[in-house]
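Per-chain numbering from 1; labels A, B, C and D assigned in written order.
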Amino acid sequence: MSRRLLVTVFEDELDIVNATRTARENRYNIVDVYTPFAVHGLDEAMGLKPSKLGWVCFALGLAGAVAKLWFQIWTSSQSWPVNVGGKPLSSVPAFVPVTFEIMVLFAGVGTVITFFALRKLFPGKKPHIVYEGATNNRFILVLEQSDAAFDLRNVRTMFEPFNLVAMEERIDKEKK
Amino acid sequence: MSEYHNVKFEREQETIPHRGIDRRDFLKLSGFTFAGALLGGCQAPKVDKAIPFLVKPEEITPGLSTFYATTCGGCNASCGIITKNRDGRPIKIEGNPSHPISQGGLCAVGQAHLLGLYDSHRLKNPTMLGKETVWNDIDSAIKNTLKEIQTNNGAVRFLSNTISSPTQRNTIAKFLSGFSNAQHIEYDALSVSAILDAHEKTHGTRVLPHYRFDKTEVIVSVDADFLGTWISPVEFTKDYHKGKILNGNNSKFSFHAQIEANVSLTGSNADKRISISPNAYKNFLYDLTTTIEGGKSSIAEVNELARKLLSAKGKSLVVCGVNDIELQLLSNYINHLLSNYGNTIDIETPSKQYRGNDTELQKLISEITEGKISALFIYNGNPLFDIPEGNALKKHIEAIPLSISFSERSDETSSATTFICPEHHSLESWNENEVRAGIYSLSQPVLQPLRNTRSLIESLNAWMDTPKTAYDAIRDEWKNSVFTMQKKENDFQKFWDKCVHDGFAEVESGKNTVQEFSKQSLQNISRSSETTAMALILYPKISIREGKHAHNPWLQELPDPITKIVWDNYVSLSKKTAEHLSVKENDVVEITAQISNERRTLKLPTHIQQGMCDNVVAVALGYGRKGTERFTNIGPEWFEAKPTVNQGELVGKNAAVFLQFVNGSISYNLLQCSVSKTKEQYRLAATQEYHSLQMPEHLVPAGSERRPIIQETTFGAYIQDNSAGSFSKHEYESIWPEEHQYNNHHWGMAIDLTKCTGCSGCVIGCQSENNIPCVGKDEIARNREMTWIRIDRYFQEEENTFSVAFQPMMCHHCNNAPCETVCPVLATVHNEEGLNQQIYNRCVGTRYCSNNCPYKVRRFNWFDYEHGDEMQKLVLNPDVVVRERGVMEKCSFCIQRIQEAKIIAKSNGVALKDGDIQPACQQSCPANAIVFGDMNDKNSELSKRMNDKRYYKVLEEVGTRPAVGYMTLVRNSDEVNNV
Amino acid sequence: MLLKSPITTVFLVVGLLLSILIFYNSYSVNYRIPGNNEGYEPVQPIAYSHRLHAGELGIPCLSCHFGAEKSRNAGVPSASVCMNCHKFVTALFANVRAEDELAEKEKRKPQRIISSELKKIYSSLALNDELLPNPSLKQTPIEWKKVYNVPDFVYFDHRPHVNAGVQCQTCHGAVETMERIRQVGNLSMGWCVNCHRDVNKNGVNNKKVYASTDCTTCHY
Amino acid sequence: MSEVYSILREPLIGGNKTYNDVTNDVCSPLERKPTIAWWFAFTISFTMLIAGVISVTYLLTTGIGTWGLNNTIGWAFDITNFVFWIGIGHAGTLISAILFLFRQKWRTSVNRSAEAMTIFAVICAGIFPIIHMGRPWLAFFVIPYPNERGPLWVNFRSPLVWDMFAISTYFTISFVFWYVGLIPDLATIRDRAQSHFKRKIFGFLSFGWNGSNRTWSHYEKIYLLLAGLATPLVVSVHTIVSWDFATSVIPGWHTTIFPPYFVAGAVFSGFAMVLTLMLIVRKVLRFEEYITLHHVESMCKIIIATGGIVSMAYGTEYFIALYSGNEYEKFTFINRALGPYSWSYWIMVSCNVISPQLFWFRKIRRNVALVFLISIFINIGMWFERFVIITTSLTRDYLPASWDSYSPTSIEIATLVGSFGLFLTLFLLFARFLPMIAIGEVKGVLSYGRKNNGEHL
């Protein structure tokens, strides 16, 4: 199915934040906002829920730590117990450093990979640039013309105070 | 056990431990990528040959060692040795415990002369006028010339070192009897001729007494290094310690005073060391004599010694190492006054180890120089190198019509002679030595001659046209004389077999007839006027001695026990003298002396030696030997490496130029010389850089001026309290639970510092047992010596006292080994018998273990070290892997011996006995200082020592809990002068 | 990004690769860790058949490889050992009998039959066909190809194994069925160690034994 | 919501830049031909690198003997360099992670290159533990991989194994952190790239980034998480490095205060190195408006702080040693100050304790030339700190008989030079091909200290 989209372009971070907020307050259906850098307050303006990646990170870290600690104890006291400098076979205090490192490794790398997967980012992916300068100095708000009531004029007047730079309609072919 | 077997060592490729060169080289080449390592891992099957005997000799089983008792050819002392043969070739020499002379001990030289057997520079064939030839040709040539000489009654002289083999003596006598004007002259490079001469005068018999150090309570030695190089060091060391027994209340501990100028091994072990110049030796003895006769000396020390000596009449001993008849007469007289003859000095069954006669030698030299000689035979000696004016004789000897050397290599002398008829190496030939009256030590060949050589007996017999093998000759000799001197055995074959098996025979020899002591020879000895001139001492080093073994890299690289310097001889002088001459260590100085109105000079680097007498310089003999130029590139080769010997130069310089005859005997002390500084510098390489347990003054933290490494006390204090001198005990508390028990065996070691003389026999023993390479002078200078056992030597010099302590240091096999915890790859871990294992093939070489070792006993393979040429590689011990570059190594307590002993015990279904396992260092220790054993065995020799009050552990406070311990060093001196 | 490819990641990656490789390859023959010549079956200078001697004739291993009992090396028997029997046995019995029958027919003295392989032994000992010393020949040792070849840094000792009652076949496989000796087992450290562990648990043919797994049991 | 800023603060970025200016300024060095200065620098550093490569090859083919080490001193230049480089790395992580957590806005213009520096430093550091091995071709033995030896594992009690894990983790995390930060900028470059080829490459590298805020919100999260992870990591890494020594029994190594002491030292030296590089960069690439004196000053302040900690540590160490009553400890420290290697000790003290004190003066903090000079001094000083700890402690430990001295061979010196060569070469290539400044983040703080309409307060 295809959608009719309205691309509105701004040139300052405060404008885009306010524009987005107003759009949402006026019950417009916000598809996405494209900015050259992370604009603070935009999530809240768009009404995005805080990312859950924190939990992923925690879980992975824990898994890594446990696995590594077990591995160290197993290798040095089960698999082949050796008397090293008269120390006990499983001298746990000595195993802490490596456990910690592996925890960090798993948590860090794991989370990043999850993030890429989540946002379907991967090397060589074809970028989908909504509007020239989206990665330079343009702030783009994309609205969906969901119902017949949608009226471009209203939108323009609504965005006037936020010095709107450009506005154009598009038919979005791609499957959502 | 057989007497002779015929083996080609080449047959045994399969058991020579060649390293998997191909694989490892490939590894190195294949870059250092892990892919490379991976590839290196995969390899096509390596085709390796297994070549069995065609006809297997009865007693040889590949992989099994056979042992043969024979006699050491290292020096005249003729100690009893046992060679360990593997696949037909000797790989280790050890002391023969049942031998009456050496009693199981063996010195560094004795153990090292094994390497000489595989010396590729030994002559391959007899040579005539410098060209190699075959025996028949050379024999006929010689016989013809001999005929001429016989016809025109030419003078025939046979010059040799002391020959203590009756068979050889008789053969020579028989041979010479064929000539109208013939004589056999014996001399010794390290001559004690004056002792024999003196006894001829005082007792009417020219013999070398048998000194009984085991019976003495007071020993006064004037410059006699009897624990190091004098006459029979191993025997004397064994006996010496029979007089020093520390056993709680029933201890006995002899008093030993050493009067010397240079610091000798004996001096450093003395209870009291009096340092005086050789100029004063004579007066010292003279004063001692008068004091003992009842007079009084101006010197307190002399009176003190006299008192001590008189208090021990018949149990005292005065020995003098100065080869001067007057001094010897004096010491004989003192011994006579103390009625030591018959008690501590035995001249009725005298020693036969030295009988050189310097007077005759002097006569011969003049004969040679006057060109009176028409035939000269030189056997087992290198006169052109080691006698006074030696090098001057060269042209005269070349002029002699028939000159024959029996030297086994082309040396200074043999290169001057017309013919060289090379003698076997002592391990290749049948021989015997009458070491002492009634004690015959037998030598049997332990492998077939490697070269086309021939024993003296066979040569002489060949020239007499009475061909006879050495074996037959000796066997007959024994049948007719030795056998008849004993009662026990009446079947000769049995007797012979037993002797060959034991390596010696003890028989009843007739007592040597001795006259009453005659004093008249002493009449014209008087006190000489004191001089303060600079004196020069020519002394033999433990390792190189007179230079006979100068071609032996093991000995060249053996650190001198006192100076710790390797690969060179040098001028030792005291701090004061150095300041006076304004020279520093390594400055080259020139010694000048007037000898027989001719100016002699020698340039050598300086070594400043604490404890030396001022105004005295000491230089070691035996250096500058022909053939040592080969050591130029003995070390590893890389672009910053410096050669061990500069191209074309020799190792050290020959100090024999300063030798001269004084009252008919070779004098090693030159009482008048001058020393001057030169511009040159020459780097000496030593294995120890800091020489004291005292911390440097400007760095010393209050209250810890001395490192608590060596426990030391006096005999007096010991008797009061057996734990005298102990450091405060450290209570060890572990934060870990005691998880590791050593229930079966727990190996350990105890080293008695009172016994250890620092002779360094253990160092060579270890080197030969564990395939330790020679690394060359430059590596030593960089402090990269590879020896697993080193002997730490500490000095303590105060205004009037000077003392030395030796401490053998090897891996301590700590229960809580710091090296193990830090090794990332488990290449060094503990085994269930408490050993600290080092696994070479796992080691990646981080050197972390070595850094973390408080004893610094780990050795790293900085390069791929050469193990000598193909020939010398035959000495390698097949039971120990040759370590590759980049791996750490260290003392393993001779794990290969432990494993062997355990396997054998297991196969025989018996338990290991204490003493079954002896590491190489313990086996030959002439002082029994080292004891290895099982700490779990409560009755083991080790446990006994561990329960001794003197037992302590070094650096206990670090908490490493070592398995090696030491025993307090006790001296019979009045006050402790802690090293 | 290759340009910045860091030592450390290569380190890890290759470590991983390595483990995979070794894991995978420990089951394949063509990959070899040092000393692993599993399946190595070289042609020997003399086509000596263990199947015939040990199998058919049932000669016990130790009667030729007597070293195994008292020395670390089992030892390749010397030619003189062969001669103990082959002084008399010079060829397959069948061939000898054939010759005898032929001689019977042709009414002549049967002549001595010598198998080509045994000839090699005789000539190496410089013996002629009558097995008498042949001065024209000179003794030349037989150069067998070594099959079991443990790395230089491993000290294997036959004594404790044989004396503990370990069957030769445990390590050398069913030799009595082999025409030519083939290496059985890869001589890897795990191969040794796991057997040591196993006998400590189960003993050698129900006899309790103790086989140490200390490093210095084999490495010194 | 929108920025909270004080009108008293001067803006972080000078010269009223617009978003577009920022993009242009940062990207232009990548688009114009390399300058003479760049080529000059590159040739020098590359020659140094070659020298290093040659010496290392010689080392690997000949043996560790080509270094000046001996039986007593098993580590000297090798591990000194290792610790030195690891230390350098730490500043990068600190700037990017810790300052991020502390919301230090000024970090934005330096963090990118600081992180790059970290990565290159860790590469340099990582080389030494490998080449210092006697048999580096078996270095994989320290990895616990399943093997045919029984299997035989590694010794997890050994600090060297900890190092192996710490360094590899540290490298991976720093790299990921750096790269994640790089992605939006790569996208920016991609979108303004002229050549098709360049577009392709950056297109590949930028993971199809399009600036969607749904991505941004997750992105912000993981950035925070990574920062949160990197912070303890960076502390742990140098702690573990210090344990190489602290867990040993050698007087002068066996010291409990090492971890904090080493971490502080690491940050100290790291910032010195950042300054050294940044001052060059801002001159050569004309980044004065981005790396302002304000940045320089704040880094100087951090240097005073960490320098203070380090000096404190020196003092404490000495006091503890003398107070401990352990004669070996006592001796070691007296020996450091007065023994044969006292010169290295005093170089260390004068460079690390005295020279940073100058930063108390604002004038000096804002004098670029002086700051540069002092930063160099600190680098030298910190190298010597490691040398003093590692080598001079080894030269005289327990048994006087095994005391010995050490002097480096030409090979060792060449290797040290080579490691600098590698570091600089990598850094120059980075400066050539990637944005030196985090465009996205700088834009984020552009408004900092300005009115909304852009012009200056």
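Here is the rule we go by: a contact is a pair of C-beta atoms (placed from the backbone, for glycine too) under 8 Å apart; a residue touches a chain by one contact, two chains touch by 3 or more.
Keep in mind that this is a model prediction, so the values were computed, not measured.
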> Comparing A-D against A-B, which pair counts more contacting C-beta pairs?
Replying inline: A-D
> How many angstrom between the C-alpha centroids of chain B and chain A?
Replying inline: 81
> Cα centroid separation between chain A and chain D, in whole Å?
Replying inline: 29
>> Just the number, please: Cα centre separation of chain B and chain D in whole Å.
In response: 57
>> As a quick test, compute the distance in whole Å between the mean CA positions of chain C and chain D.
In response: 59
> Where in chain B do residues touch two or more other chains at once?
Replying inline: 34, 818, 820-821, 823, 826, 829, 831-832, 842
>> Show the residues in chain C shared as contacts by 2 or more other chains, in ascending order.
In response: 11, 14-15, 18, 33, 213
> Where in chain A do residues touch two or more other chains at once?
Replying inline: 80, 84-85, 87, 91
>> If every chain is a node and each touching pair gets an edge, what shape is that graph: line, ring, star, complete or other?
In response: other
> Contact residues on chain C for chain D in the complex?
Replying inline: 1, 3-4, 6-9, 11-12, 14-16, 18-19, 22-23, 26, 33, 186, 188-191, 193-194, 213
>> Using the touch definition from the top, list the residues of chain A that touch chain B in their complex.
In response: 82-89, 91
>> Show me the residue ranges of chain B that touch chain D in the complex, using the header's touch definition.
In response: 27-28, 30, 32, 34, 36-37, 40, 636, 638, 640, 688-693, 695-696, 698-701, 703-704, 707, 709, 779, 782-785, 790, 792-794, 807, 809, 818, 820-826, 829, 842-848, 850-852, 854-856, 858-864, 884-888, 954-955, 958-960
> Can you list the residues on chain A that touch chain D in the complex?
Replying inline: 11-14, 17, 32-44, 46, 48, 50-51, 53-54, 57, 61, 71-72, 75-76, 79-80, 84-85, 87, 91, 94-95, 97-98, 100-102, 104-105, 107-109, 111-112, 115-116, 118-119, 121-130, 133-137
> Along chain B, where are the residues that touch chain C in the complex?
Replying inline: 11, 14-15, 17-20, 23, 34-35, 38, 41-56, 61-64, 829, 831-833, 835, 837, 839-842, 879-882, 892, 895-896, 899, 903-904, 906-907
